[in-house]
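Please go over the structures that come below.
Each of the two complexes below includes subunit A, the first together with subunit B, the second together with subunit C.
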Partner chain A sequence: MFHLAAGAPNVFDGSANTIAVIVLLLEFGMLRAALLRAQIQLYAVQSLAVSVLAGVVAGGRGIPELFALAALSFLLKAVIVPMVVLRLLRDAHADIAGSGALGVASEVVLSIVVAAFGYFSFASLGITSSALPTTALSLSAAVVLVAFVLMILRRDVVSQAVGFFSLENGISMASLVVAAGMPLILEVAFLFDLLVAVIVFGVLMRVHHGQSQSLSTANLDRLRG
Partner chain B sequence: MITLPLPLIQALQVLTIMVGAPAISGVIAQVEGRLQGRRGPRILQPYYDLAKYFHKESLAPEGASAFFLAAPLISFACYLAVPLLIPVLTTFPLPLGNMGDILGGGIVLGLASFIVAIASAETGDAYAQLGSSRSRTFGAITEPVVLLVVFSVGLLTATDLPYALAGTVMSGPEQIVRPAHLLAAAALFMVILFETARIPVETHSGTLELGMIEHARTFEHSGPYMALLTWGSSAKQFVFYTLFINVFAAPWGLATSGRLDAVALAMVSLFVKALALGIIVAVIDNTFAKLRLFKITEFVSAAFLLAVLAIFTLYLGGG
Partner chain C sequence: MLIVAILALPLAMTLASAFLPRRAAASGTVVVGVVSFALALLLVPEVLRGTIHVAGYLRADAISMVFVLATSFLYALCSIYSVGYFSHRTRAVRAAGVGTAEPFNRYSRLFYLGFNAFAWSMLCAPLVDGFAVLWVAIEITTVVSALLVALDRTDHATEAAWKYVLIASSGLGIALFATILLYYAGAQTIGNSYDLAFEPLLHAAHHLPVVPVQLAFVLAVVGFGTKVGLFPVHTWLPDAHAEAPTPISVLLSGALLATSFYAIIRYFQVAVAAIGPQLPRTVMLVFGVLSVLLAALYLFGQRNIKRMLAYSSVEHMGILAIALSFGAPIAMIGMLLHVLAHAAAKGAAFMGAGVLTQAFGTKELDGMREAMGRLRWTAPLFLIAIFTLCALPPFGVFRSEFDIVAGGIFSGSGIAAAVCVVLVTIAFFGLALTTTRILFEPSSKEWSPTRREPSGWMVLPMAIALSAVLLIGVHPPADLVDLLHQGAAEMSELP
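Entry: the complex of A and B
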């Protein structure tokens, strides 16, 4: 493992890893973004990156049904979901709702630690796949964990929704690695799961905003008689 | 075609940086002016400025020692020592090219800025001291990023000689798309934005003291000493650009032999690439809003993240 300078991965692995790294970086971007709108846009870009990764695997490994999945997940996650959430946000008239529990720099450093944990613990599992390099799997573990940090540290409904959606992005990236040949119907079922989540979070955002006139969840920890 | 002797090429590397640096600054200032809806200064304006400074008298504050006057000379010499170590014109190491590695170059650059900071601390001027203390503080924050970039270069090439990395990058497309290389290059780019006083808080050409870090340090210098400091800071910018272009991003167009035409072509291509990078930097500089001073940590933490991820992907074997 430590003979690092020995060889670079080949071009396919290198570019797949780079896309996976971009997905992780966008997750960090969501963690840092102060504007809720920017967060949702970053989510859309991240979904686009995951779809591109699916397309790369489809083209590079000859799995044509992944093209369908790529197109479907692009349509749903990069276009429809962000549009719906942005629309909800426009109705709420809130740009910035409740900052993080920590400062941005500390949040990033904390997430680096958490991501490193996910990264190396998944690497030590020794899962290999024919579709994508193992690094992509470790990166998707890091994406999932950073999404958790995002949901925990940001105190507003939109960030938590975006954290949940992007967690799903991390998981679909992991599924590209371990089960690239998974039947399309299962993948589609996952996407429908996401649709349900969007509806639930949409209702949550509306109800919460209607009750407390803000998107922040900071005042939810008090009991009301 | 004549083949140039190696020591001459080595001297040409330094001369290219020395003579070309003000032109790069001039083009950036021109582009910046256009972006802001002004006509912008002439491209040769930095040279006229230098000529003007060299003809002015120089004053030193009362009580300042000879070090105050020596500092501009030393820092200028430091900036011109770095081109000996990095691939400016050639792909093959020149006689003095293996004298120091990337860390060595970093130390020389750090020394230059340290010397200027000490000199400005001698003046007793509040703004100059403010600038030097700020530049030291924020320099310390960016240091870990630079170190991690150097580490990832070391892991990529099993050496930390800049020539080796440039050679590795040119060896094939799989070396370019590997995430570790891209991340380290992006982290270095962010450090360059910071070090050349573009982003995130400094105004590059403004006269507002509170927005200055690098420029505040030189307040008390005048005449030829001021000229050397100004020249030095544009040389530093060109050195950083060269480091980024010829080591990380695009080490193409360098001379593979000492033939005159190859070296001349390398000079031209270096200028073209540096101008392209400078225009990108100017666009970034004018597109993003400046941050509050204390948000520097946010900017640096982003660069740090990139550098750490580069190391991580390398250790996973997928970099």
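Entry: the complex of A and C
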């Protein structure tokens, strides 16, 4: 690695940061997508971006285990999870997400504020790593927070589940920055756990749909106090 | 070897439950539950001789043993209780004839499959070595128990399960963030290829960078605290406890919450060793006091018996958090004893609530009256269980809370200890008022002949649980005392 000029990012840092920004933009895309199908496709693309980032780190920093992780996470998060959820959608005959608790514009403004908060607070912590530039960590904090906004404001089970899955994407990206050298077995255990969680989310979405004939969570307000 | 057996048996039973017929699964589960508890008891003397390591991935010390004992005890009791819980349905199915048998068999198979898997995952969590595997184990407890909460397929159960899986998974997402930050902190001193095992991290704690550890600790408290039921991330808890089948409510309340608290204890140990006690203690105190306060207020005017007990769980988890914040050895002994005493007492209370719910056909407290005259065994036992939960002497909860408060005064947190006592007293009034009303207040409705004790299988485990909590209150066995002292020593020793 050689620097072109003092302070300017090199090709590796530049491409890593670009991918990280793409991940955050896709999170915003999910937030405002009106079609559930589009939302899931955006999630698949986001997972692809995170897998590519893992591949970039693997190649650029010489950590061959990360190639295996990149392949596994691509298979699981960009192929299997979207397929499971899309199949559920097909069975449920529902296309359009119910309206969120806020309008799209307010949601996006709120998310920009939240994302900026996450970005700058993590940037100020001084956590540096040799694997990726700190910018990627700050961006992943922003992704996690926007995923929370998505889960909180959307009122259908599919969007909420996708919000949780993309939250996990944000954490995967953070782990590429601060835990790139983590033993592969642990990373695989995390991924396997995600797979189990996806199955359970799928089952519960089906149960919910079977019970209420809709994917909306608007009627899930009977348990109080 | 005992550790491996404790984990292998429930796992084998889980797999077997998928194939075995209903009756065989039920009796097999009872055998496995009781044997697991016996194995846990046998493991205690071994742990007293020193921390056990198996194959690099399993580890048992005095602290983890306390949680294994609590979980396996409730596993054994719930397996017995489940026999009674299903007996009236079995009779109903037999009376109704062929058509209803198939759905019931399916329900029962799913129940035993999930029940054993749930117990297995909760036994795994305290016995695995390392923060990463611990997170995986706790995530498995979440997904298994979420399915069990949804098992009854009512609208309410579905709603509770969805809220539970979404909120708890998001919480665990935060806990995963904490895990990788802790890995980052450790990697700075230990190097990249370590697997987050407890001991290397504790030994290196002095050299860990401060900011990542602070961040990891706070995120872990929020993340795992979601599953513990600490305010303000407790919102799934009353719903899930109220809507799950009663044996599952027992495990959720007595074992699962404590198991998640175990994860916080581990982070607390590393954080105290790395950054000193100030921040970790303050964080635990704030979460603890707020949780007890919220629970004490919500205990007044509850209308649903299981929700009432769920808020009592929030209260007791708050007490555990406060105990952890005190830090004095006596408070640590009290905290570990409280895990056991709460498991037994809350187990008995939920089992009693399950009988009341079945006998009166409703979870609403308004529908239950004059229980004392109708349920000759359950009603007095339920009353004793509630008094136990309110920390009346001579029961174990009194002893543990006494130790905790004494530890608070000893460690110079007299005000926090006093606040804790006041809030616990408020909670006592809430619980006691509601309970005495349903037990003693005369009913305006006609006497119905169906309102009898549903099954002796449901009374027996309550009696055992209350005897156990009485025993540890009056005269705890010597080995248990040693275990608690050793656990407190592990908490206070700095490498």
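Just so we're on the same page, the second predicted complex is superposed on the first by the 214 of 225 C-alpha atoms of A that agree within 3 Å, B and C clash if a C-alpha of one lies under 4 Å from a C-alpha of the other, contacts with A are read in each partner's own complex, and residues count from 1 in each chain.
Here is the rule we go by: a contact is a pair of C-beta atoms (placed from the backbone, for glycine too) under 8 Å apart; a residue touches a chain by one contact, two chains touch by 3 or more.
None of the values given here were measured: they were computed from a predicted structure.
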Determine, for the superposed arrangement built on subunit A, whether subunit B and subunit C clash or fit.
fit
After lining up the shared chain so the two structures overlap, which partner does A:Val11 touch, if you call subunit B first and subunit C second: first, second, both or neither?
first
Under the stated touch criterion, which partner chain does A:Ala105 make contact with: subunit B (first), subunit C (second), both, or neither?
first
After the superposition on A, what does A:Glu168 contact: first (subunit B), second (subunit C), both or neither?
second
With the two complexes superposed on chain A, say which partner A:Ala123 touches: subunit B (first), subunit C (second), both, or neither.
first
Output check: A:Leu220 vs subunit B and subunit C. Expected answer is one of first, second, both, neither. What do you get?
second
Looking at the superposed set of three chains, what is the minimum CA distance between subunit B and subunit C in Å?
18
Mind pulling up the subunit A residues that touch subunit B in the complex?
1-2, 4-5, 8-11, 13-15, 17-18, 20-21, 24-25, 28, 32, 103-105, 108-109, 112, 115-116, 119-120, 123, 133-136, 138-139
Touching residues on subunit A, where the partner in the complex is subunit C
125-127, 129, 144, 148, 151, 157, 160-161, 164, 167-168, 171, 174-175, 178-179, 181-183, 185-186, 189-190, 192-193, 196-197, 199-201, 203-204, 207-208, 211-212, 217, 220, 222-223, 225
Which part of subunit B faces subunit A closely enough to touch in the complex?
155-158, 172-179, 182-183, 297-298, 300-302, 304-306, 308-309, 312-319
Where on subunit C is subunit A touching in the complex?
132-133, 135-136, 139-140, 142-143, 146-147, 150, 153, 155-156, 158-163, 165-166, 169-170, 173, 176-177, 180-181, 183-184, 187, 192-196, 211-212, 215, 238-239, 242-243, 298, 302-303, 307
